[in-house]
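Step one of this worksheet: look at the structure below.
Here the chain labels run A, B, C and D in written order, and each chain numbers its own residues starting at 1.
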Amino acid sequence: MKETTVKELTKVELTNPILIEGLPGLGLVGKIAIRHLVKQLKAEKFAYIYSPHFPYFVLVSKKGNVRLLRGTFYFWKSKSGKNDFIFFTGDSQAQTIEGQYEISDRILNFAKQHDAKMIITIGGYRMEAKDKPKVIAAATNQELLNKALQAGAEVSPTGSPIVGTAGLILGLSHFKRIDAVCLLGETRGYLPDPKSAKSVLEILQSMLDFDANLAGLDEEIVKAEKMVTRLQKIEEKRALEAEETRKEEDKKVTYIS
Amino acid sequence: MKETTVKELTKVELTNPILIEGLPGLGLVGKIAIRHLVKQLKAEKFAYIYSPHFPYFVLVSKKGNVRLLRGTFYFWKSKSGKNDFIFFTGDSQAQTIEGQYEISDRILNFAKQHDAKMIITIGGYRMEAKDKPKVIAAATNQELLNKALQAGAEVSPTGSPIVGTAGLILGLSHFKRIDAVCLLGETRGYLPDPKSAKSVLEILQSMLDFDANLAGLDEEIVKAEKMVTRLQKIEEKRALEAEETRKEEDKKVTYIS
Amino acid sequence: MKETTVKELTKVELTNPILIEGLPGLGLVGKIAIRHLVKQLKAEKFAYIYSPHFPYFVLVSKKGNVRLLRGTFYFWKSKSGKNDFIFFTGDSQAQTIEGQYEISDRILNFAKQHDAKMIITIGGYRMEAKDKPKVIAAATNQELLNKALQAGAEVSPTGSPIVGTAGLILGLSHFKRIDAVCLLGETRGYLPDPKSAKSVLEILQSMLDFDANLAGLDEEIVKAEKMVTRLQKIEEKRALEAEETRKEEDKKVTYIS
Amino acid sequence: MKETTVKELTKVELTNPILIEGLPGLGLVGKIAIRHLVKQLKAEKFAYIYSPHFPYFVLVSKKGNVRLLRGTFYFWKSKSGKNDFIFFTGDSQAQTIEGQYEISDRILNFAKQHDAKMIITIGGYRMEAKDKPKVIAAATNQELLNKALQAGAEVSPTGSPIVGTAGLILGLSHFKRIDAVCLLGETRGYLPDPKSAKSVLEILQSMLDFDANLAGLDEEIVKAEKMVTRLQKIEEKRALEAEETRKEEDKKVTYIS
């Protein structure tokens, strides 16, 4: 394998499909969102993407089986017949600069081959969310951006960078003449953030014509928040002990002088 | 996109054009200079350069729109009809060694296609300027170098390296049989330095046949100098406090022993 | 040499060969295992693999002779005539991500050309072994995995990564339609671990039809354990001295305050 | 320039040429040796090698002229008519692994095109030399190695790596069917070491049929030794002051406790 390659598992005819992408990144927002939609909508795998720019290890799956790192395309057929969906997620972002451009390119080619009408990319946006994480939007086209704003997203600040595949797909989509919008959920970014993913999915649901049970994420959210609380307590305890140590040392010093 | 690619927006006929390049680098001297000329002369965009060797993020522009990192070519038609100009600047230097050579090569190809008669590259030269930043010149051709020296530049010390696109274009221009000169403005390099850019533009104006209002940079210069003063005060205060702390500690030690 | 290249030394006809791979990695488990089998079974060199992704130095061999870093294929003809073996080991893993994929690919191509029926890769698994190092197995095929488990291996935990060539060969073997199994011996990993290699070879011998004297490794094991004991003593002494120093310093401080 | 490229300046007919290579490396031994021979024998430039794997800067040469980093081939016609010489040196080693292999390959191709009968590479060997630096040899061929040993070189220890172009040329020369020998002068390596270069040149002169005045290096040697002495004095003074400081601090501590 010298280049990033797409392997189709089955040929599928799709109606005006929209491709929705979410790879691992800040807060795993994109990956959590796509994984949840795939599960809720019972979307089906129909292609893999492999690349020599993914990390050079394999994963042991259930039952001691082994597989390369990869990205996976899923399809979902809309009952209304308006827009079918193609979902894309995977194990990892590319590890090299050229690989980042190459993989984004291949995803776009795949979208083009299936005559995709639009692309939505999902990721995280580093920001301490007040309460409910906001969703930041940017797009290749004003009309599409407005759609995201009407659904409750906020426009991304000018000059702000969007790193990785979620950004490059938008940058490169211009050359393939497909419109694309990026939805970024606010997240601290260092832990999986299903709450941020839920915010993004709410915007997505309001923009598109599908019905997925987002309450299913609430359990994950509770678990993630417990984890954050536990880590904060550990951190507070550590800070307290450091403070105590400092005071003790101050006493000694004071006594001397 | 597997390679650095140039996308022409419009076909333009130019008369004996001179290409003037300035990418981000030390003190942003090259970029500030080109940006100012483009604005003053109302030069027009006519081509982009994209590359998988640029960093792998996209930028959000005004109104939530998104674009790839890129370099931009502008043209300006001289009223005297002697030499039209092609300006080149961009968001970033290439991030890999091979990319640095590839992008410089593409810029030269573009110059050649438009039958450019000369190339001028602009950058920064790390040096604490006494008062007015000097401009250091190097060239592929003695006559061209003399022209820069007569305009007030100083010859670059022997053995001095010129890093990045501003240098490589000169190195590679030999193979395309285009003469090239590099003008480097003295700069500390760690902050945008419009004063250094102005020095370079004064030399440029004296070398070439154009009339741009350089006073327009003065406001930027004042702003940049305020920034430097503020940073210096912060640094001085920090140094003073460190000194105080040291004295306090010395007292204690003296008391003990 | 622009790409990884295989150079065949002699043409050999093999009967239903099984390729067994072990490059340097954690505890050198793979390399030690293959080296021992090659020696015991008197397997013969028949091909080299060279690559611009190996480190850029050469090795001085006996008598001042020099050679590139390389991988080596050996063959062994079974007396029972059931399965001949191809062994593969080498000086180094590839140094780049793309190189890792490229070299694994070339090994698989070589296996395919010789109509290999199965591939076994050997490596280390970072784990403090209680007494006798266990062997962890993963495979591309349930039947093959079961064979390893019946021989005494344990199934690899789900989600566990297998890094480097030993893993990638399994990941890529799918595209060549060859079944593959990976055997990883528990090892601390930072020193050559012939004990772990022996554990793997015992499993291998029970899975396959060959008879190699594994007792030959015992001398190496004794030597390696002496080395570990010596390093542990050095470490303990260092820790003791650090403790003493700390106590001395504590005394001074106590005296002062 | 997408690949390492050789540009011939003039066509030269050479008689049974021997190529002698020395790029910058440990102690600059190879570069100093070649530079001296080129000067003494008045060898003439006849080709350049350029590469996108050299560092991405250009050098300002005398008179403000600019040039790419490059390697240079020189030729020298023997008066005896037995073996002409091709010398090769340059500004830098390649900066990437693949580049190291590519450049070594191009040098070998160039040697082959000129029907070179032998290659000698020169470099440094990290070792504190007692008095006169020894020369360590390794070769692709026993006869050639013996020639170096008879000339006073010592055989390289088994397992020792030879890093960079001086080593890779030997490793790759096998594929081009050219014999090659490597001569490494002992050197501390962190400063230019003309003394080590002289040792290598003495061996070379005894191996080959040429007459170059090596005394010309003595001035450089004196200069380099002065530099070493000066650096050692600075280091000793620094160590002394550190010792003084330590004693002063010890006094205080002793007084307290």
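The rule is simple: contacts are C-beta pairs under 8 Å (C-beta built on N, C-alpha and C of every residue); 3 or more make two chains touch, one makes a residue touch a chain.
What you are looking at is a predicted structure, and each value in this text was computed from that prediction instead of being measured.
Under the touch definition stated at the top, chain B and chain C share these contacting partners: A, D. Chain centre most remote from that of chain C: B (centre = mean of CA atoms).
In the CA-based superposition of chain A onto chain C, the rotation angle is 90 degrees, rounded to steps of 5.
For the self-contact between chain B and chain D, the two sides draw on mostly distinct residue numbers; the shared fraction is below half. Computed centre separation for the pair chain C/chain D is 37 angstrom, with centres defined by C-alpha atoms.
Chain contacts: chain B has residues 256 touching two or more partner chains.
Chains that are in contact with each other form these pairs: A-B, A-C, B-D, C-D. Put simply, chain B touches chain D in their complex at residues 97-98, 100-102, 105, 137-142, 145, 155-164, 167-168, 170-172, 174-175, 180, 182, 253, 256-257. Only residues 1-2, 52-69, 95-96, 99, 251-252, 255-256 of chain C touch chain D when the two sit together in their complex.
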